[in-house]
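In what follows, structures are represented as structure tokens.
Each of the two complexes below includes subunit A, the first together with subunit B, the second together with subunit C.
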Partner chain A sequence: MKPSFHPGDLVGIQVRPTRLWTQSLSWVLFVAGIALYVHLAVVRHQENPYDRVVPTAKQLYTGMKNAALQPAEEDMPLDASATLWQRVHASMLWKDTMASARRFLIAIALLIPCIFLGLHMAIFPYFGAVFQRFVLFFDKIVALSLLPILFIVFGIEEWSKIMLMVIGVGPTLILDTFNIAKSVPQEQVVKAFTLKSSNLDVAYRIVFKQVLPQIINSVRLSLKPLALFLFAGEMIASTDGLAYRIALMRRHMGMDVILPYLLWVALLLFLLDALLRFANRRLHPWYQPH
Partner chain B sequence: MYRVLSYRRSLRSAVLVLLALAAASFAPSARAENPTFTIGWSVYAGWNPYYYMARSGILDYWGRKYGVNIKVQRFDYAASLDAFVSKNIDACTMTNMEALDMPAAAGVDTTAIIIGDYSNGNDAVLARDGVTLGQLPGKPILLVQKTVSEYLLQRAMELNGLGAKLPQLKLYNTSDSDIVGAYLGDKKNQVAVTWKPLVSEILAQDHGVKELFDSSKIPGEILDLLVVRTEVLNRPDGSGIRFAKAVTAAWYATMAQLTGTGPNAQKAIEGSAAASNDSVASYKDQLKTTYLFRSALMADQFATGVSIKDKMKLVRAFCFDHKLLGQGIHSPDDVAIQYPDGSVQGRKDRIRLRINDTFTKLAAQGKL
Partner chain C sequence: MVSAALNLEAELGKDGRIAPMPRRVEIALRDVCVEYPAGRNGVKRVLSGINLDILEGEFVTILGETGCGKSTLLRLILGQEFPSSGAVVVDSKPVRRIDARCGYVPQKYSLFPDRTALGNVIYGPENARSSMFGRFRPSYRRFRKTLREEAVAFLASMGLRRQDMDKYPHQLSGGMQQRVAIAQALMMRPPVLLMDEAFSALDPSTRSSLQEQLHKVWLDSRPTVVFVTHNTQEALLLGTRLILLGRHGDEQAEKSNVLLDMKIPPSNEPYARRSHSAEFHELHEYVKQVAYKSSSMHRCEDATQPLNAEGIL
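Let's look at the complex of A and B:
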């Protein structure tokens, strides 16, 4: 017989809720959030049928459909014979996503050297001597305040935005890699040398290999600051991109487009994070986070 | 056993606290004698006087006379619009364009009670290296898109017979907080459209920059208003009307002082310059390119004139062409404007913006 539920169980550590319970409880806040939103939308639309601050599901749907199937306002309109694929391909959402994704992926590519710098700083004392203090200092600089300088050095086109992301996230990633690589027991390094390893063997085949899963996790945690810096850069000066559109829409309360865009960004980030997590598990099945 | 007891006890006290909080929030708050109204304003030559008006006691004087409390609160421009549309403030300073595409297009019935001034050179198209309007296509143009800056640029092109080249312009949406640095920092950016005091900052720091076009060539098209939600004006207890009367009277009293002569005028200019931390010299420079309606009579003549309708028509068409009126709007007539003579631009059943000269007229007749 199942023991009955006591209110005290809510704060019990050793309780074992049934699967049904855990599954349904995990959706409660979603449902509550949606219900709250719908309630707000209904109330506001009763008062003002043209309200744009809290769009209804219908407004959101139209906004989303137009974003995904219609070209951006600054582009040429499509002729009626265009196929669905052509429509999607020429759409505002596609254009903005591609522009933002390009910046995002270039920034991530530029973060890879940062990872190796951190690794080298941890392993090679001369690297550490040169870089550690400076990176430690640079890490504390608020990157956004450097933006006017970035504009001067990199112009207002793509590179200032990409460098904002790299400068904002890079130092933290370097330091994190440094700490992770430092935590590899020294005994392993000594042992490898006694087995005739070269310096590079130790760096890449002993240390790097076993800290890589932790570094990938660190990159996963950096996705959100990266997106944040991307948004900041695009909102300040740009001609396309997801945050550019949000900034424009904000100017006339286009919440019917802003909200789907935010969800789309969240979905993309979630997918990228899931991809990294999946790759990590596939590549390093032996890795057990402690 | 003890654990359970203490748990129960803490639960009970939590419930008591919650009940107390709920009771407190429902209890009738101490009622002020006079209803309170909030005006939101943002930094601009033509709106800075609101700050002086509140600080100098002019507003309080008229507020007391009409039995209303009036608070004046400073916002960033975009934030003030958001606050007005979401009904957190009762009145707000904004341009005619934003009055149309923000509150009016969002279904908030809006009444403009004061036409304070129009931009008479405050907004400008700037270019370096001798670039002309005809050479703009293909060059990156820094500006805050979908604002009066883009409107000004479009008018500049149209008035110079370059309207057909508008689609070829490469607009770079640049936040006003960074436009000066971005323009001056990189000489490759040859063109920018912005407003004073940013224009003055750019011109002072780079003598190679020239004004190609400014708003003095489109007088009366970029209007700076004080708007009130119509439902506030229509409050059954008449407090909204009293508020409008008080603020209109205070405004023209301030205008008389600001545009007058002698130590009082100086005080008003200093007080208004302080509103945006500008120097008196810089503020005076901005006032030169701001056409203030010095008296209620002047403002009323403008509001009841014929030209205002043509000018609003241009602004309305711009808002519609740029989809600023919203998704479901199929014609500019769906967001209609009513003028002081009762005529309506657009559909009569969808009046969203009302230019109301009742209070200005009373002020002009000295009846406030």
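Let's look at the complex of A and C:
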């Protein structure tokens, strides 16, 4: 028989709340946040109908619609006969997203060699001897403090921002891959050699294949710092991109654009993370997280 | 005095075995000594004065308490570690690297987790046939097909059901995993099979069925087996020869770790019956006593009651 509910159970560890309860409770803070926002918006708009700090739903909708269908202020306005596709394509949101996504994806592509460096450091003793200490040292350098040097070396165009992301996340990813690959039991390597494996077989077909799911999880965790460095770079020196727009809108309190933008960024990151997680599960059905 | 008696016994056993069977020496250890640096300027001797000739087709069980160097001895044969002095020769070539001369079945992590049972078993022969890039020739496909059939037949003879062969290791029980691991090693037909506490993590009934299985496989193809265990009964049942190692005492630096090197009388009886026979019990007690006399615990008692220790002999 199920014991009846007792107020003390709310802080109990051994309680077993029903699924309905846990599901509804998980939405409580969202509802509370939205309610608080609506309340603030109503109060502020009673004082000043043109308030821009806490926009109403209508203002947000207009802001979103303009962002998604109208070109940015600095771009050429579209003529009235443009199709929906042309409008979306020329819009502020689309152009900003494309500019940021391009930097983000190039940085991820440049991080792939970092993964292989970490793998080789863990498997080949001479690789480890050469690189390990240096990467450990490099990891401690605050990447943003390198920004002046990056501007000098790579100019203030695209590459300084991309390199900021790579330098900020790369060493951590190298060390993480190193640790993951090191944790493969020695028995596996020994066994592989007794089965006539070559060095490359052991590195790629035994160790790499085995740790790939963990490496993908590590990349998933790095998405957030990557976005952070991207935004830092774009806010400091850029003429397009999502963070550039947010920094620009901040100057004239354009919350009706900033709020949709930050939710859009969160959604994009969530989707990328979900894609990697899904791919990981599908590609590695044998993986048992411990 | 005790040690002198044991050495004599060991030599007798050796002479008695070599005379009737002139077989090739598969594994030879010559004056092997292993030391590790310990502390600031001390060294810890793990193995010392090891001289062993293991003949082709022998099933050698290595028995000893924890820390006596039995796994180190195995790693020397494997090529994972190297002796501080002395030489290790396997298949008449000195050991320099881990290679396909030895098959290897460890206690844990014995299978590749990212391959199915069948994938694990065919991994070795695939490698042996061609490197990473030779896999695109049409002849490779035909080879792979016959290899798969062979692997399925072998796994079936090891007691695996067909539907289990496409499962990943984490979906198999510990006993099944070790069956697959043995098949994986033996598919390469290695001259030497090394097993490091391979059955130690299994429950007693699974363990005895695997012992029977291993014995059957060994009778079929007669590889040279070196089987490390800390279970006296397992060592006596499986082996044709038993080597008992003792922990190395720092007080006698040159003394060999080998306490006992004896031939085990062969028997065709099933293990369950044999392990209950009177002779088996006698042998079991004898080995246990020799091991106990050299154990560190006994050495402590030895200091206070020297007469009692002699009494056991």
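Worth pointing out:
Note that the second predicted complex is superposed on the first by the 287 of 290 C-alpha atoms of A that agree within 3 Å, B and C clash if a C-alpha of one lies under 4 Å from a C-alpha of the other, contacts with A are read in each partner's own complex, and residues count from 1 in each chain.
We adopt the following convention: a contact is a pair of C-beta atoms (placed from the backbone, for glycine too) under 8 Å apart; a residue touches a chain by one contact, two chains touch by 3 or more.
All figures in this text were calculated on a predicted structure; none of them were measured in a lab.
Of the two partner chains, neither subunit B nor subunit C is touched by A:L242. Once the two complexes are laid over each other on the shared chain, residue contacts for A:P285 go to subunit C alone; subunit B is not touched.
By the touch criterion stated above, A:D201 is placed in contact with subunit C alone, subunit B being left untouched. Of the two partner chains placed by the overlay, only subunit C lies in contact with A:Q188; subunit B stays clear of it.
Between subunit B and subunit C, B touches the greater number of residues of subunit A. In the complex of the two chains, the subunit C residues touching subunit A come out as 78, 80, 97-100, 102-104, 106, 108-110, 112-115, 123-124, 127-128, 131-132, 168-170, 184-185, 188, 190. The touching residues of subunit B, counted against subunit A in their complex, run 4, 7, 11, 78, 82, 85-86, 101-102, 105-108, 140, 142, 145-147, 170-175, 177-178, 181-182, 185-186, 188-189, 322-328. Chain contact summary for the complex, subunit A toward subunit B: residues 7-8, 11, 48-53, 59, 62-63, 66, 73-74, 147-148, 151-152, 155-156, 235-239, 244, 247-248, 250-254, 256. Residues of subunit A that touch subunit C in their complex: 185-188, 190-198, 200-201, 205-206, 209-210, 284-288.
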